[in-house]
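Next, two complexes with subunit A in common: one pairs it with subunit B, the other with subunit C.
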Partner chain A sequence: MRSALVIARRELAGYVSTPMGWIVAATILLLDGLLFYALALGPAAGPRLSAEVLSRFFWTTSGLVPIAAVTLSVRLLTEERQLDTLVLLSTAPVRDREIVLGKFLAALAFLALLTLLTVYMPLLVLVNGKISVGQVGVGYLGLLLLGGAVLAIGLFASCLTRHTLLAVALGAAITAGMFLLYPLGTVIDPPLGGVLRALSLHGEHFFGFQTGAMHLRDVVYYLSVIYFFLLVSTKVLEAKRWE
Partner chain B sequence: MGVSRQAPGWLTWVLAGGLALVFLGERILSGASTARLVASSAGSLLVLASAAWRVASWQRARAEGPPEAARVEAQLALAHAGCVLALALYFLSTDAGMSLLRLDFADEAARGRYRTALQVLWATVAAVSLLPALVAGLAHGARSGADAGGLLEAERVGEAFNAGLVIALAGTLLFVVGFVAARRDRSLDLGYFRTSSPGTATTALARSLHDPLQVLLFFPDASPVKGEVEDYFQALARSGVRLRVEEHDRLADPDVSRRFDVRDDGTVVLMSADRKGRVVLPVEMEQARGRLRTLDRDVQTQLLRLVRTKRVAYMTVGHGELNDTVSEADLAQKGLGGVDAMRSLLGLLNYEVMNLSLTTGLGRDVPTDAAVVLVLGPRRSFLPEELAVLDRYLARGGSLLLALQPRSDFRLGPLERRLGVRFDGVPLADDQQFVRRRGDRTDRGLLVTDRFSSHVAVKTASLAGSDAAALFPDPGRLEAADSATVHPVFLVHTLPSSFLDLNGNYEADGPREKRGTYNLAAAVQPDSARALVYADAEMFTDAVLSSSRINASLAADGVRWLGREEALSGTVASEEDVPIQHTQAQDVGWFYSTILGAPALVLVFGLVGVRRRRRSGRQA
Partner chain C sequence: MILANRLLKYFGGRRALAGVSLEIDRGEAVGVLGLNGVGKTTLLRILATDLRPTGGTLLVDGVDAVRDPLSVRRRIGFLPQVPPLYPEMVVLDYLRFAGRLHGLERRALERRIEEVADLIHIRGVLGELVRHLSHGYRQRVGLAQAILHDPMLVILDEPTHGLDPAQVVEMRGLVRRLKERHTVVISSHNLPEISETCDRLLVLDAGEVIAMGSEAELSGRLLGAMRIEVAVRASRAGAEAATGAAADVVACLQAVGGVSAVVPAPGPAGELAFALEADGDRRAEVCRALVDAGWAVLRLDRGRHELENVFLELVGAGAAGSGPGPARGAEEPPAAIDGRVA
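Right, the complex of A and B next:
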């Protein structure tokens, strides 16, 4: 675990000590602000109850967090391969799962920082409306779990190839596919439709977080997705040692 | 010799193809019996053939090949056999399979349980068999051309097989965990919730009771709602109201329940002297949340029944008023709704609302039981006889609420002299302070103002503070009539940035369209009568009353003043959610802070930090 934390610290420093990390953060904030203003708060959105405005904020942000997560995660291992530093990492006295965990934790920490920077938007609603701090907290927990799940998917994609673009395409395709399971599940007959909806990354697993209701099933789902893709990433990394 | 010699690499793909064909037949072609039979049979045959080939290959490798190759073939054969087993389990879960086994179930539930168990089982077996086979097949295929040495290659394929198995088992386990979590779900709702506290209007009302207030709570002991209701009444008692709270269990105290005719748990009986009122709440917190947010409103309604009997409020009809059916389409098009909210408010204040038309009194005389008459936004003029009836009603001490609308044919006639107020139908606009709703220039007609006098008819609004504004959609203006013998008190004024929009283009163009503070409401007391005149009627529509608490307070305080109940004026506490609305100026501020301010701040902060770190690194 200590090795994982050392790797995480090194990776996190890489994010905050380069202009790119801050440019990504500012871009995400700008887009989130635009969406928040256009779809939730601004005159075009019409007069809405404060809880509804907050729910829309989390809904729009839940579209941006996966984009940021894919962008952040795909470079984690592809970059190591491109710079030929993965060999150094692989020959170091660390296990593959520690490499994967360390990189994941670093990306998750930066994503959390990036997500929490948007907190001024719910606070604007809190000033004029009737929402609770708990509702805001649950919404952010949902965003972090969703972001963590997409980070794990992106990390898996970055394990598969040394080309960043291909990794982005793969990560985005898996994420989009898992997002689309929900609308697909609504048109397919049960029991398969129900299974697809239950596997969907967004949809019914995120609705509760939007409204301040935290469900055990949703938390378990996101943690399962994170664990599963980190496990697969570790296995892929182990298999790559044979190359 | 490499392991690839034992069986072709594509055999695993034949297995996967066979299973896909079965899926196609059973799920997608299930409606077409022939196609289903062909696809499912072909798929099953492929699975069986590939499994047989793999087993034969394993036997051959065991007899002839190196032991490491035999081990890999054994693993693959096991995976293929697993897929055959999954198919068999699937078959046993179908109607055909069940009839083959001659299974007889006690009921449909038992049949369903059997089917579900087998469905979970075959899916699990298929996953833990197919995935390792595919992963091993991929690893196998990747080196099929190279003869990397038997032992190393077998190790590699074996490890890939194990990795696939671990992933499949983990996936299956997580699936089961997810299923159990969904079935035994627990939730924590942290959405906004607070029981309303007693508002000043309720407190004033309770204090005005001659006899002490008795509150009887009929809740089960375990109900968490009881505590919330108790807290509310304790807060009311702390504000100087003489009250006594009694707790009863409806089932344990059947005599008391019968005496107060209580049939449901969650009943709150309010009693003063011989009058009774009741509020019935759900006993479970989940269902009671919404009602507890507006408990003060419910209690106030019941207290009003204890204070006095129901009164009658008449709304005039037949002149295109807001409450007239002919106005419905127009109001709906404007997105304003009707006047249901106003009717509810009157009901809350213990008024019964009735129509007053030419046939029901407006042609002869206002009925004697009229506590108040409301004229809400007439678009057509009243007959001289109708105006004379209203004039006579005021002369004998009646109460009248007149809400007028620009661009209408209505004229005050003799009422102008009686009330001392003249209505100017030129609409007002404001290009600086207005509410954004439609996103175009017409929004400038949605005036907001926080300029209220200290008159009791606008008491709550005047005490609400500078950030509390009322909305006046497309108002006209009021002036003192020239030949008036009574002097109106102007209650509400526009902000100084408003102007007369003579040409209706929502622009302040020309000296005639001058900016200034204009009167929007007036209170008049000619002799013993009372009248309120508003230069806007749409401020009493559903869309406005439900979104602006200040507008609602103007309506409530106005009706209380007209009904000589101004002592009961005050706020109704509510924890109901409120719409987020802001003026154009606030919009601009919010826009720049959310769109540009925050991202720019983060960027500058980040880049300065990076630069500093680099500089200190160079110096070091």
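Right, the complex of A and C next:
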């Protein structure tokens, strides 16, 4: 675990010291602000209850967080391969799972920082009405869990190739595929439709968070997705040693 | 220190190592020599536990490298051909990161960075961004990370790759200093580098060890003779002409026991140079005979191209014995050997 934190610290410094992390953060915050204004606050949105505005905010942000997560995570191992620096980690007394965990924690920390920077939007709602701290807290927890799941997917994609664009395409395809399971599940007869909806990354599992209702099954689902993709990422790294 | 038994490595269907067995003692410096693509880097990556062998066993300091790679990694430092450096990091931060990966505590780490910075001569660039370093300094910082945790075994994959001649000389000096406290395994196709820094040579061809031993052992075994180069001042008291002097020197050298052939060699004006073949190390006898005959000995050494000859003999035999398929000896002629033996 200590090695994972050492790796996470260096990786986090990498996000902060290079323009890439800030460009992603600025882009996502700009888009989120515009969408918040257009869909939740602006004249077109009409009068709404604060809870509805918050729900709309978390819904729009939950569309942007996965984009940020894919962008932040796909470089995690592809860049190491491109720079030939992975060998530094792979010949140090560090387990492959610590490499994966360290990378994931750094990306999660940066994503959390980015996501928390959107907190001014719920505070704007507070200026004009009442908000439930519980709904805000649960909403942000949902965003973090969703973001963590997509980060794990992106990290897995970055394990598979040394080409960043290919990793972006892979990560985005897996994420989009898991998002689309929900609408697909709604048009397919049960029980398969139900299974697809239950496996969907959004919709079924995020709806509760967005409305301030936290269900254990949703938390377990996102943690399971994170664990699964971190596990397969570790296995891919191990397999690369056998080639 | 290292005991490898029948190490085998396949990349898909391609065989990179074909049952390499070797034994390296503590404190030894061993050079892994071979043409491009014969498996040098694969062997080193397996020794460094970056790759796992498809078959065979590898013990480093008595620890099984396949079953317990983490313990082995604590004992080794590895500098790959391309130093693993993060361009956006400051050198000092990079070394701290490398040290922490090896579990060094803060105080020990700072002390060790000071020591290594002095040893490798990188103190002046500790505050620089890696991306601003010259190639030579990058190589040194890479070497610094490899020895920061004071490993028993240092593995260097072509450490002089891409360096200019002055940097090559400096890097060789650094490697020689490493020998004082580490076991060193160094791969190269740069023959002088291996010759000047290593106690023993391991010659690889087509993923197999085709020879192992000191340069003298290999040359004695393969070439059947030791080559000696000697130069004397062209004139001695009472000598009449250079041609007569050369004949005198040849006669003097042929009279030395064990010397089988004496061939004049080109040399600067005022100097008479010869290449000898002897049945062993006859340098002392040759020197004594020349001095007794009144010649001023200016130079007396083992043949400078001896290692090249050994190497060519070995890979030539390997290529001849490899049967059909790409014959490396023909495909990559001696020009690949440091570009000097064309």
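To be clear about the criterion, the second predicted complex is superposed on the first by the 243 of 243 C-alpha atoms of A that agree within 3 Å, B and C clash if a C-alpha of one lies under 4 Å from a C-alpha of the other, contacts with A are read in each partner's own complex, and residues count from 1 in each chain.
The definition used in the following text is that a contact is a pair of C-beta atoms (placed from the backbone, for glycine too) under 8 Å apart; a residue touches a chain by one contact, two chains touch by 3 or more.
This structure is a prediction, so every number in the text was calculated from the model and none was measured.
Trainee: Check whether subunit B or subunit C contacts more residues of subunit A in the superposed model.
Mentor: After superposition, B is the partner touching more of subunit A.
Trainee: Taking the superposition on A as described, I'd like to know which of subunit B and subunit C A:S132 touches: first, second, both or neither.
Mentor: The answer is first: A:S132 touches subunit B but not subunit C.
Trainee: Which partner chains sit in contact with A:W242 here, subunit B, subunit C, both or neither? Use first/second/both/neither.
Mentor: After superposition on chain A, A:W242 lies in contact with both partners, subunit B and subunit C.
Trainee: Return first, second, both or neither, reflecting whether A:G14 touches subunit B, subunit C, both chains, or no partner chain.
Mentor: second
Trainee: Just subunit B (first), just subunit C (second), both, or neither: which does A:S50 touch?
Mentor: A:S50 contacts subunit B only, not subunit C.
Trainee: With the two complexes superposed on chain A, say which partner A:V6 touches: subunit B (first), subunit C (second), both, or neither.
Mentor: The answer is second: A:V6 touches subunit C but not subunit B.
Trainee: Go through the superposed model and pick first if A:L89 touches only subunit B, second if only subunit C, both, or neither.
Mentor: A:L89: touches subunit C, not subunit B.
Trainee: Go through the superposed model and pick first if A:A176 touches only subunit B, second if only subunit C, both, or neither.
Mentor: It touches nothing on subunit B or subunit C.
Trainee: Report for A:L123: first if it touches subunit B alone, second if subunit C alone, otherwise both or neither.
Mentor: A:L123 contacts neither subunit B nor subunit C.
Trainee: List the residues of subunit A that touch subunit B in one complex and subunit C in the other.
Mentor: In subunit A, residues 17-18, 242 are touched by subunit B and also by subunit C.
Trainee: Over in the complex, which subunit B residues touch subunit A? Could you list them?
Mentor: 27, 119, 139, 156, 159-160, 163, 166-167, 170-171, 174, 177-178, 181-182, 184-193, 436-437, 439, 443, 547, 575-582, 587, 590-591, 593-596, 598-600, 602-603, 605-607, 609-610, 613
Trainee: With touch defined as at the start, can you tell me which subunit A residues reach subunit B in the complex?
Mentor: Touch list, subunit A to subunit B: 16-19, 21-23, 25-27, 29-30, 33-34, 36-37, 41-44, 46-53, 117-118, 120-121, 124-125, 128-132, 134-135, 137-138, 191-192, 198, 208, 211-217, 220-221, 224, 227-228, 231-232, 235, 238-239, 242.
Trainee: Where on subunit A is subunit C touching in the complex?
Mentor: Its residues touching subunit C are 2-3, 6-7, 10, 13-14, 17-18, 83-95, 241-243.
Trainee: Considering the complex alone, what residue numbers of subunit C touch subunit A?
Mentor: Residue positions touching the partner: 11-12, 45, 48-52, 54, 70-71, 73-74, 76, 78, 80, 82, 84-89, 93, 97-98, 100-103, 145.
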